[in-house]
Amino acid sequence: MVETVIVPLIVILTVLFAVLTTVIFMVLLERKVQAWVQVRYGPMRVGYHGLLQTVADVLKLFLKEDITPARADRWLFTIAPLMALVPALIAFAVIPLSRDLTLFGLRFPGQVADVNVGLLYVVSVGTLGIYGIILGGWASNSKYPLLGSLRSSAQIISYEIAVTMTLVTVIVLSGTLSMTGIVHAQLDKGWWFGFMQPVAFFIYFVGGLAETNRLPFDLPEAEQELVAGFHTEYSGMRFAFFFLAEYTNMIVISAVATTLFLGGWLPPFPNVAWLGFLGVVPGWAWFMLKTFGFLYVFLWVRATFPRYRYDQLMRLGWKWLIPLSIANLVVTGLMKVLV
Amino acid sequence: MITATHYLLLSVGLFSLGVIGVLTRRNIIIILMSIELMLNAVNINLVAFSHELQNVVGQAFAVFVIVIAAAEAAVGLGIILAFYRNKETVNIDEMNLLRW
Amino acid sequence: MDLIWLIPLLPGLGALVNGLVGVRAFGKRTAGLVANAAMAAALALALYAFWQLLSLPADAREHTVRLAAWIPPIPLALGNGAIGGFTVPWGFRLDPLSGLMILVVTLVGFLIHVYSTGYMHGETRGAYARFFAYLNLFAFFMLVLVLGDNFLVMFVGWEGVGLCSYLLIGYYYEKQSASDAGKKAFIVNRIGDWGFIVGIFMVYGTFGTLDFRAVADAAGPMGVEAAGFGTLSIITLLLFIGATGKSAQIPLYVWLPDAMEGPTPVSALIHAATMVTAGVYMVGRNAVLFSHAPMTMEVVAVVGVATAFMAATIGLAQHDIKRVLAYSTVSQLGFMFIAMGVGAFAAGAFHLMTHAFFKALLFLCSGSVIHAMAGEQDMRRMGGLKPHLPITYATMLVGTLAIAGIPPLSGFFSKDEILYRAFLDHKVIWGVAVATALMTAFYMYRLMSLTFFGAYRGPAWEAHGGRADHGHAASGGGHGHGGGGWRGPHESPRSMTVPLQLLAVGAVLAGFVGVPAALGGGNAIEHFLEPSFVARTAAPPGATAPATHEARGLGEAAHAAESKGGEGTGHAAHLSRSAELGLMALSVLAGIVGIAAAYRIFVRAPEIAETLARRWSGAHRVLSNKYYVDELYGATVVAGTMGAARGLWAFDRSVVDGAVNGSGWLTVSSAWVSHALDKYIVDGLVNLVGAVLEAGSFVVRRVQTGLVQNYALVMLFGVFAFVSVYLFVR
Amino acid sequence: MAEAAAFYILAALILGFGVLVVTAKSAVHSVLFLVADFLCVAALYVTLQAEFLAVIQVMVYAGGIVVLYLFVVMLVNLKRPPDAQRDPRRLGRLGAVLAVAVMVELAAILAVGWSRPEGEAGALGPSNVAQVGRALYTDYLIPFELASILLLVAMIGAILLARREM
Amino acid sequence: METETPRPMFDTDEMVLNMGPQHPSTHGVLRLVLKLDGERVVGCDPVIGYLHRGIEKLSEHRDYTQVVLLTDRMDYVAAATNNLGYVETIEKLYSLEVPRRARYIRTILAELQRVASHLLWLGSSAGDLGALTVLLFGLRERELVLDLFEEYCGARLTYNTMRIGGQPVDVPPDWGRKILAFCDEQERKLPDYEDLLTNNRIFLQRTKGIGVISGADAIALGLSGPPLRGSGVARDVRKDEPYAAYDEMDFDIAVGTEGDTYDRYLVRLEEIRQSLRILRQAVDGLPEGPVMGKVPRLIKPPAGETFHAIEAPKGELGFFVASDGKSVSPYRMRVRPASFCNLQALPRLVVGHLVADVVALVGTIDIVLGEVDR
């Protein structure tokens, strides 16, 4: 009973708590980092150096009036934010956050479930997030949100191809679809796949930016063009869910990147003996470190680049990233066969 | 104990739902979706047998069925779009030029 | 000889270069040069290969080159290898028959290529390159056809030449009639191809292979299906359907006259010299099969003779110079099929060769005439061209005499051989054939007379001084008078006349390879071709062997021994030398009579023609309307099932009425009776059928609601029925 | 026990969502029920130890095909209700009755006369992905390649169809 | 044009999209009625007038000095140049002599204003393209300029800092040194913008070849300022018809080549550099003397009319003033506003581009609705 119910429950709650906390601090971090880049302070008032700013924001959003536009499809309008958020959250089920821990005589696995098709699970769950966006845009019964949602989903689907291709290269290298298996494969190889697959890593990164609608690919929400994209008509709590979903997706992307390309909870160069002291730091800390490092790059990029135009974005995705990822896959496959 | 028969009964039910959808709905998009339901019924069958016989072939064929479904959806929806552009309708009762 | 695969490939390359690059980039000179060089190289290779073939001993004159597997054996572990076992190589075979064919194709083809450089020079640059690309492509496919060592490779060539024929007939595609004619040729050919391909299926089903040699060897020991209608008969009949399509025999000949919409060199090359003989070639190639199916042979002979006769009669009344030649071609092809039908495969092939020369010559001459008349094709607007076109006149005369069978020109020998063998086979066929020969001479000389003799009836050129005349306007391409106005009939450029002269030489000399024994010749061509028509297994197909040996009348025992099974279609009779000479004389006489009559009617007293036409107006109308066959097909085949009733009605109107008109000269009363009969009984019946059909379809069409779901419902009902049966009956 | 419970719950969901797909008024709702249906089917696959297929089902069906449907439903922006015109000759009701009849008959066949087919029971190992992959890339290589060509052709065809005439 | 460009997939009909007047990137209350074919713009119809306050009419009822205050409200991000244009017009009409020191101060103010205006433009148009950091950078440096203005005249936006006949006040002590310090600071910051934009691939893709307008077309449309110079026409009122102290300054005209958005960006950046150059010269050469000329107490120009144009940051800013010689307020005043004229080019620029480019193009012609509508 303890082993089958309570331990997984604890793990699930821990992960959920970690993710939601991370989201909250992610929002703050984004504002802070951007402010620093732009030589400002960012939020300073709520809490020490604005630490509680996001909490306040969330509280505000929850207390705001929840407006449903007239002639909107009520039902869809209500569930669309949830449909965006839930897939993002359940993707964490297969991401190994740490190696298995033993606490109080109980063995806690490092992830909620080690599914043998873990990577595919992440991809497939990720595709479900589109529904929230499309339906949110459609249900608003308004021109801008619909356009924004169509753009957004077209963009996500387009870049998903390239991203999935890079995942396939990782599968080729590791020979398994299990997330834990992939981490172990990196341990065996002694190298993070990010070093072995720089091209794939890069494509994954760019695709990740695009899939989470971040600058320079944030067209669906381009404030100057489409006001606020698919969630124009949303306010209050439901908007908060979309907001949450977006940041959760960012964290999913980062966590997957960490697992696939940055060795998950492994310390750097796990096979180098004299770097063994790095193992002192627990695995989950490494994982957090890498994930936040990756997230930081997201923010950095956001503060640096202008935005692509829609057709340019599509061109980049279809004419550069996808062929490049396929070529990379072919080369990887050849290397695997030949070497 | 759940046997293959249970799955087959489920499959029959789903398939019949698809058939009813195909025969009664007038929106051709929903008709295509009903066809997807039927294909899924077939897939349930295949996977159930695969499980029953402990043989992976059924799953391999289910993959093919999914491929067919994808192709069918792409082409079918393309035709619907083209038709819609010409006739401004997706009502199958108005798609009756192929007669006499 | 191992390089024979290059012979088709070279024109293929030429087509590729001209087609891909030339159409956009080449000037006329380059395009023509590429095409001609490819053909010249093919000709050289063909000559070399032929020489090598000749240098082999007579019984070893067969060489097969297999390039690669086309349909490789599939390593499928399905069943007992039934599917995987189907293999077809890209194989080419050189034997006497194909050797002869490649010589004809490359030689005539090359000359026509040269001719075309002159004939087509008025085209725009891209169209010029396109033309040569098509021509080369045609040569490629034709050579594949004749060199292929199995049915499937042959079929590739077969379909390929059909395609090229379509492309070239429709070359002036902006002209409605030309593109229609192209489509017609293509579609009619498809009907024949259906027979051919079903025949191929049956061949594979029967013999398990598609290789000609293997099929022949396997068929050799089989019994002659003299009594019943067996597998071989069905196969050969199906193959013959294919041949009728390609070689324009009854009932599928209608496309060939229309095919004259193409440029004249095309008519010469494809629709006279080479492609249309593919059917003959194919029958000859499967001589062993055919000789085992005497009933088919009879069909072949009857169809051949009927075609020959019918086409010749139509040719009597045509005014378009090319159409006359087209019907002449159909007629001559009929002759070849007579030869095939009576078992004289070698004679058929021989006639094929001589015909290729003189008919190509005639077509090219007509092209030269058309060229001179700035596109005018109607003979009624020609005449008196002899002083203007001396070379054309001379060469055309040679061609005419050759086709009329005047010794010692080539047509004499080949046609006479056929007539002789027809006589041995069946007297009626022979009789009709001789009559046809007479008519051939007549209409050919009529053509000559109308074109070259008499008074000039064409448009004046000095008075008008321009090209505003109807004659020119009628020409689709405006053959080569690009810049200035038409300045009257004139001789063609050297690039056109030189091929004419060379072909004329060919038309004169080609016959001498087959001088019959009766005239003291060795009939060399027949011995040369013999191995191609026999199975290598020496099992005799019955009692015909001695007779065959006898019939050949040669002393070569060794040769005869190995060819026992081949030619043996059982022409038991053998005539004395004097009788043979008599027959010859008769046929020559027929030719001379024909020419003389034509001379009398059209040169000496042109009014006779008018009188005749008026007197025999019914017949004349039927003839000049080509027996209304086109209309018949148009009404029956083209209009399809929905128009079946109306088709019958049209049949009634055109054929019955035509016949009524034709026989109107009998008596007025009989005409009246027949008219009444026609109107109340025939029409009534036909209309009844139509009405019933129409009423029936009016009722039945209500089932077709156009509602997809109702159709699906019917499907579901079928499922329901099956499941019910399974559930309750089981 | 757990298996039975899972099956019955999932079966009920699958059929229920199926009914909703067929009966939903709005095409968008129909699409949504279809997704839900597919997800339940995927869950059913998991209980049948076909994890790979389950994931593929979600990825391709839910993530791809149905999104396409959704796009089309949204693009086909109707000026009048799609079911406005009704052809009286259509025999929809008869079809439904017939479908139910067929269903009952098939169910009867299954319930009464059907027995498990005799076949050599292979062994489905834990590594479902590898097994399916091996089957696809060895025994069914040619169908697999054909399927990929089919997809390519369908893709090109769909692009051509959906593209506006220039 | 429309037939050749591949149409995007998601199009059904030609659609009319109303952009503004409440839209974050139309810089005020501009309303654009866009006719779209899918995402491609096939027609654009700017609707203006939402900010019309009747400044020209109002000035007929204010005396000549009070009108200066109205001009502040036209191009409110470049109030000093508006003042300059107006007072010089009246001085021309009245034939007043302006002291040299005052002219120098005016030059300094005008150039500071140019820098501030261009910085604001840089920030906002880069921000339209999503480069938020540049926006903040631009605003940061603009603050320094505003500080200088505040020190000189006490106001940060609507300065009302010039008088007919001279300057109201002399420069504060140490102001020149601060300007020089600002010049150095600005010189240091310019590479920051360039790093973020000039060679940024995305920025290049968004601006190169977008909104191309040829020199001839630009002249025909009556463009002026950076949009004109970006198309390769070296027209600059400061050089061609010098006013204030520009005839004593040494500077170059920044000229583009392609006439696209990118060239206009480069031109504006270069103009900032040239402005800094002028500022340094002007501060260094600031002559001694009075700042206010001899002006009658009651400004009442003789009957007549005149037109005078200056080079405002946005382009050529001209004032036409007619006086009846009896009244103390203009009989008629008419402004030739740079933004309004440049806005005429917008429909030409956007047709054939995508909706997303409209934002960049509205940015590139640099309009202020206060000046357009007046």
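Going by the order they are written in, the chains are A, B, C, D and E; count residues from 1 in each one.
As a convention for this text, a residue touches a chain if its C-beta (ideal position, glycine included) is under 8 Å from a C-beta of that chain, and two chains touch if they have at least 3 such contacts.
As the structure is a computational prediction, the values presented were derived from the model and not from experiment.
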{"item": "Other chains in touch with both subunit A and subunit B", "value": "D"}
{"item": "Far-end chain from subunit D, centres as C-alpha averages", "value": "E"}
{"item": "Most extensive contact between chains (C-beta pair count)", "value": "B-D"}
{"item": "Distance-maximising chain from subunit A - centres being C-alpha averages", "value": "C"}
{"item": "Whole-Å separation of chain centres (CA-atom averages), subunit B against subunit D", "value": "6"}
{"item": "Separation of mean Cα positions, subunit E and subunit C [Å, integer]", "value": "85"}
{"item": "Whole-Å separation of chain centres (CA-atom averages), subunit A against subunit D", "value": "29"}
{"item": "Distance between the centres, which are taken as Cα means, of subunit E and subunit A, whole angstrom", "value": "44"}
{"item": "Touching two or more other chains - residues of subunit D", "value": "52, 56, 64, 75, 87, 90, 92, 95, 98-99, 102, 106, 128, 162, 164"}
{"item": "Multi-partner residues of subunit E (at least 2 other chains)", "value": "10, 12"}
{"item": "In subunit B, residues with contacts to at least two other chains", "value": "19, 22-24, 85, 93, 96"}
{"item": "Complex contact set, residues of subunit A against subunit D", "value": "73, 75-76, 115-117, 120-121, 123-128, 130-131, 134-135, 138, 146, 150, 153, 157, 177"}
{"item": "Complex contact set, residues of subunit D against subunit B", "value": "3-4, 7, 11, 14-15, 18-19, 21-22, 24, 27, 30-31, 34, 37-38, 41, 44-45, 48-50, 52-53, 56-57, 60-61, 64-66, 68-69, 72-73, 75-76, 78-79, 82-87, 90, 92-93, 95-96, 98-100, 102-103, 106-107, 110-111, 114, 116-117, 119-124, 128, 131-132, 134-136, 139-140, 143-144, 147-148, 150-151, 153-155, 157-162, 164"}
{"item": "Sites on subunit D touched by subunit A in the complex", "value": "26, 28-29, 32, 35, 51-52, 54-56, 58-59, 62-64, 67, 70-71, 74, 126-129"}
{"item": "Touch list for subunit B against partner subunit D, complex", "value": "1-10, 12-27, 29-30, 32-34, 36-37, 40, 43-44, 47-57, 59-60, 62-64, 66-75, 77-82, 84-85, 88-91, 93-94, 96"}
{"item": "Complex contact set, residues of subunit C against subunit D", "value": "705, 707, 709-710, 712-713, 716-717, 719-720, 723-724, 726-727, 730"}
